[in-house]
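Each structure below is given as C-alpha cells.
In the two complexes that follow, chain A is the common piece, with chain B as its partner first and chain C second.
For the complex of A and B:
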C-alpha cells in the first residue's frame, strides 16, 4: 500500500527541490595546451561531487549536460563513493550520452558519504559561457528529486591555436614525431604551435624593458664617462667606483638587492619599472666605459684643431668629439644592447613578467621544454639581425673613416660576447706621422681648461 | 678681454723670455721674439730644437712654464685671459691636418664660423665657399676629408683657419706629412697668403720656401734662438757653427 502510494506520489508529483544531496564541487579539467582554461567543443573531464545528507540515501543520479555538449571517443562516467578519505567499494552501472549521464548504484549510498562522478571525454558547448550541470537523483523510496544547480564551469571558445593543436593531436605524423622522446620533449609540435602566440606578449614585454632601459642608460653612461675623465681626481675616483662596483658584481645580485632591499626601505615601485631601472643602471656602467674608450680614441689633434679655432671645450665635445665618438661606439654599444636584452631574462627570478617568465610558466604547466626552445627563437629574432647589422656597420665605418683613426676597442665583458667587435683591425693612415699617435692615452681633453667643470 | 688696437707699430706676437719644461726636460730655454704685422717668419732647426713647442705656445696649446706671450695688446699668459677669444684671431695649421672627419670640407670650414662666431648658416656657407675657392678647392666643398688627398686636406685646413679672419697664421710643419707631389699645392697657397700680407709664423723644413717667401729666418737649436736674420743672411752667410752644420745637412 505504502509502496503503491509512494509510486503514485513519485509519478504524480514533479521532482521536488533536492534537500538530501548537497553539490560540493563541479569542475572541468583544463584541456588547453598552454593555459588552465576549459575550451568549448573539446573533450575534457568533468568532475562533480555531492554529499548525501543525513537521513537520505541515493540509488541513482542523473546529470544533464548543458545543451550543445557532445562526447568524444571513449566517453564514460566513473563513480566513486568516499567515506571521509576512504574510498568505498561501491558497484555501479553508468550510461552516458550527448545530453546526460545516468549512474545507478548497486546498493544505496548512505548518508554522510561523498559521491564523486567523473565524466571523461565530455565536450562542453563550443560557445564561451558559464555552464552548470542540472539533473536529479532517486532516493531510497524511489522518489525522483531534482538536484540543486551545480557550481558553474567557465568555458572559453576555442582559439585557432587550440583548434590547430587539437587537430595535430590526431595526426599520425605528429604521433610519429613525438614517439622520439627528444623531439617530444624539446620540439613538440603542439607545444611549438601553442607557445609562439603565448610567448609573443612576453617577447614584447622583454623588448619593452630593454627599449626603455637602454636609452635611459645612454645619458647616465655618458655622464659617468665624463666624470671618469674629470679634471679632479676625487670625481674620477667616485666615477671609477660606480663603474667598477657595477661591473664587478653580478647583475643577478644587483637585481636581488634592488628588489628585496628597496621594499625594506619602504620604497615600493612597480616591479616592471624597478626592473628597467636596475637594467639601466647596470648598463650605464658598461656604456660609460664604452663612451670613455670612444672619446679617448679620438685623436688629440681633433681637440687641438678645435681649440685653435677658438672653440671652447663644451663646443668641442658636442660638435667635434661626440659626433665622431657616436659613430665609433655604435657597434660596441649595439652589442651592449644585445647583452642587456638577454639580461632581461634575469628579471624572471624576481617575478617580473617578461619573456622568460612566460616561458617558465608554460614549462611548469606543461612539463615540456618546447616553450623554452620557442623562447630561444624569440631572443634570436632580435639578436641575430642586430649582430648582422653591427657587422655591416663596422664594415661601413672601416671604409668611411678607417683611414683616419683606429676603432674603439671593446672593454672586456663576458665570455660570450659578440665576437665580431674584436675583429676590426685598427687602421692607420699611411701618411699620418707616428709622433701624433701618442694621442689620447692620458688625455684630459684640454690641459688648460677642461670642459669638465661643465659636466662635473 | 682688452680691446685690440690695430697699430702697425705694435707687434702682432711678442714673446719674452719663454721657458717650457716637459717634466724635468727644458725644451725652451728663454726665447725672445717679436713678429710684426705682415711679416713672414720661418723657424728652422733640427728636430727637438723646440720650434714646434714655441709655435704651440703662441696659442697656448702648450702652456709656457715661464715668460710672457703677448698677442697684440693681450697678454695670453695671463690666467685671466680668455684664450678661446685669442685663438679666434690666431689661425693654426697642423702637420696632421686635424680636419673633422665627420664633416665635409665645407662643414669643416663652417663649424667654427657658426659655433664660435655665431654666424648664420647662409653667411657661414658663403664664407666657407669663398675660402675654399681661395685654396683652389671649390669643386671639393662637399667631399669628406677621407675622400680628399693629403694635400687637399691640408688646404681645407688652411681655408678653415683663414675663414676665421686671423691676424696671424701659425704653420706647424704643414707639408711634412704629405707625399712630395702634394707639397707644392700647399706651398703655393701659403706663398699666395704671404703675398697677400698675412702675418705668418712658419715652422718648416722646406728650405726653398723659407728662402723665397720669408722675410726673416730664425734658426733654433736646443731650445734657444741661435741666430736670425734675412733668409739670405741666415742661409748664405750663417754666423754660427750650429747653423752651418744644420744647413749643411739639410741642403
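For the complex of A and C:
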C-alpha cells in the first residue's frame, strides 16, 4: 500500500506532505426519475470514500465541489466511519455550501479506518461533463494536506422529459394536486410524464412476448386438440394429461418451475426465450380445448357429407371442418390472446425484462405508484381495441351463421361505450362436461371455462 | 357524442366518490385510535393494535414459519408492542418495494419493518425510528465462479431485490456498459435466480446473505462485503409523530432494561448491540 502510494505521489508532483488518505471511490446516485444517469443542475447524492493510511490520523476533511454546483433543499453531509465492516459510533459536525463541505470529527479517525462521506442534495453543474471532487484534510498535527483527485462523475445535461418534470415541480397547480396524498402517490403528474417514455420499451417487450408466444401456441394447441380426439385411448389419455395438468396448475407456478428448475437440470436458456416458451406451452393447453370444442361443434353430417364426396378424413378436416372452426373460435381465441398478454406481467417475478418489471423498478426507486397506473394504460392500449374487435366479430358471425348455429346473443353490458366486456366476465360453468355438445350456446360456455380457470 | 358525455360523467362521479371516501376515511383516522399509555397523538390503523408491514423473507431478521413471522424484528416489535400496551399484528407478506408507500399513505399499516436502511431519500417519504441494526451490502456468487470483488461484476447481469439499497448500490457503482440489473420481489427469488445461473451475482444486505449461503444455498458464497455502514430503522408515517415517539421511547426503555440486547444477542451472538443513542 505504502509503496503504491509513494509511487502515485511521485507521479503527481505532490503537495508538501505525503498522501495519508487514499480515496477509494467517488460516485453519485442517479437523479433521473427514470433512468440511471446523473443530470446536472438537479440534486443528487454524492458518495466519497477514503481509507486512512498507516501512521496517519484525520481530524477534518474538506471536499470542494466542481465550480457551478449548487445545493438543494435539505442538503447535508453525513459521515460514517467503519473498521473493516463494523460501523463505529463516530461523532462529527458538518457544514455544506455551494462550493464545499467540511466535516470535522470529534475524535481523530485512526489509521486503516474507512471514511465514507455522503453529501445529500448536491446539484452538480448543469453543463454535461466529467467532474471530480478536490479538497484537503487536516491530520493529527494540524497540517492541511491536499487530497488526491477523485475518480470522475459523468454528468449529462437534462433530457426533455427531465426538463418537463422540473418545470412541473415549480407549478402551483402541480403542488396543489400533489398536496392530496392519494393523488400524489397514485396520479403524480411528474411521474405520469416520466413513466410514459420509460415504460414504452417495456411495453414493446411485453408485446413481443405475446406476439411470438401466441402464434407458437396455436399449432401446438391444434395438435393437442387432434390428439384429444384421437382414435386410440392411450393418445387421448396423454393429451388429456397435458391439457389438465397445465390448466390445473397456476401459471405462476409453471413459471417458477421453468425458471428455477430447468437451469438446475442443465437447461440454460435466455430468460426472454424461456418466458416465451412457458407462455406458449401454457396457452397451448387452453387453445387445445378451444379448438377441440370448435371442431366438435361442427355438425356430424358434414363429416358424412365429405366422406360421400370421396374426401378422406385428413382432407375433410383441412378443407371442410377447420375453415369453419377457425371462424367460430376467433372470438374465444382472441380472449385467450388478451389473457395471455396480461399474463406476461407474471414473468416480472422471475426477472424477465418486460413492462411490469420496468414499472416495478420505477416504483421501487421512487416510492411512487404512478408508474403502475401508466402501466395499466399501456395494457389497456392493447386489450380495449381487441375487446371491441371481438364484439364486432361476434356480431358478424351471428349474422353469417344464421339463427340456429349462431352464438346466442345475451343482453350486453357496455363498458363505457367502448365494447362488450361479456367475453371477460366469468360465465356460469356447465354442470357437466360437454364432450358431445353441438349447440352453439353450450359451446361458448365450454370454451370460456378454460381461460377463467387460470385466474381462480 | 352521447357516449362520450356518459363516459365523462361516469369518470367524474367515480373519481369524486373515490376522493370523498378517501377524505372521509382519513378524517376518521385522525379522530380516533389514541392510546391510554402514551401521547394522545399516537395513531394506529386499527385501534389497540400495532400493525406491521413486512416482506417476511429476510432471515435472520424476519421469515415466515408456517403463517407466523419469526426472527429478530418480530421479537423486537413484540417487545415494543408490549411496552406500548398494544397487540402486535403482522399483515401477510408485502412486496418490499411497496411497503414504504403504504406506510406513507397511513391507512394500511402503522410500521414498515423489513430491514429498511435509513436514507435521506426515504426520509422524504416516511420517518424512521432509532437505528436498530448496522448493516453492509454483500455481493454473492456461485462458489464455482472465480470473482473476487464486487466490482468484478461491472458489465455483467446481476440481481437485487427491488427497491433495496442493494439495487441502488448496483445502479450507482456498476455503471459499465452491459451491466443489467434484474430486480426481484423477494430475497429468496433472488437467490434462486442466482443458483439457476440467470444472474452472475446477487447484491443484498450482508446478514441476510450470510444466512442464505450458510443454510439453503451452500453452493454460493459472499464474494465481498461492501462496507456501506447503513443502519436499519422502523418506518412510520410522517403524519404520525406520536407513534414514532412512542416507538423510540419503547426502544430506549427496552435497551435500558436489557431486553433489546438479550433479543439482539440471541440472533447475533457475535455482534455488538447498537447503542440506540443511550
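Brief remarks follow.
Everything below uses one rule, namely that the second predicted complex is superposed on the first by the 267 of 456 C-alpha atoms of A that agree within 3 Å, B and C clash if a C-alpha of one lies under 4 Å from a C-alpha of the other, contacts with A are read in each partner's own complex, and residues count from 1 in each chain.
Convention: contacts are C-beta pairs under 8 Å (C-beta built on N, C-alpha and C of every residue); 3 or more make two chains touch, one makes a residue touch a chain.
Since the model is a prediction, treat every value here as computed from it, not as a measurement.
By the touch criterion defined above, A:177 lies against neither chain B nor chain C after alignment on the C-alpha atoms of chain A.
Of the two partners chain B and chain C, more chain A residues are in touch with C.
In the superposed model, A:238 lies in contact with neither chain B nor chain C. Once the two complexes are laid over each other on the shared chain, residue contacts for A:369 go to chain C alone; chain B is not touched. By the document's definition of touching, neither partner reaches A:393: not chain B, not chain C.
Of the two partner chains, chain B is the only one touched by A:307; chain C is not.
Once chain A of one complex is fitted onto chain A of the other, the partner contacts of A:268 are limited to chain C, with no touch recorded for chain B. By the document's definition of touching, of the two partners only chain C reaches A:36; chain B does not.
Chain A uses no single residue to touch chain B in one structure and chain C in the other.
Contacts from chain C toward chain A in the complex involve residues 3-4, 6-7, 10, 18-19, 22, 26, 96-98, 100-101, 104-106, 120-122, 124-125, 134, 136, 159, 162-164, 167-168, 171-173, 175, 180-185, 189, 192-193, 195-199, 206, 225, 227-229, 231, 272, 275. Interface residues of chain B facing chain A in the complex, by the touch rule stated above, are 59-61, 63, 83-88, 90-92, 94-102, 111-112, 115-116, 144-146, 150, 157, 160-161, 164, 170, 176-179. For chain A in complex with chain B, the residues that touch the partner chain are 299, 301-302, 304-312, 315, 319-320, 323-324, 327, 400-401, 403-405, 431-433, 436, 447-449. Residues of chain A touching chain C in their complex: 25, 27-30, 36, 45, 47, 74, 76, 78, 80-82, 84-87, 89, 114, 116, 118, 120-121, 154, 180-182, 185, 259-260, 262-264, 268, 271, 349-351, 353, 357, 360-361, 363-365, 367-369, 416-417.
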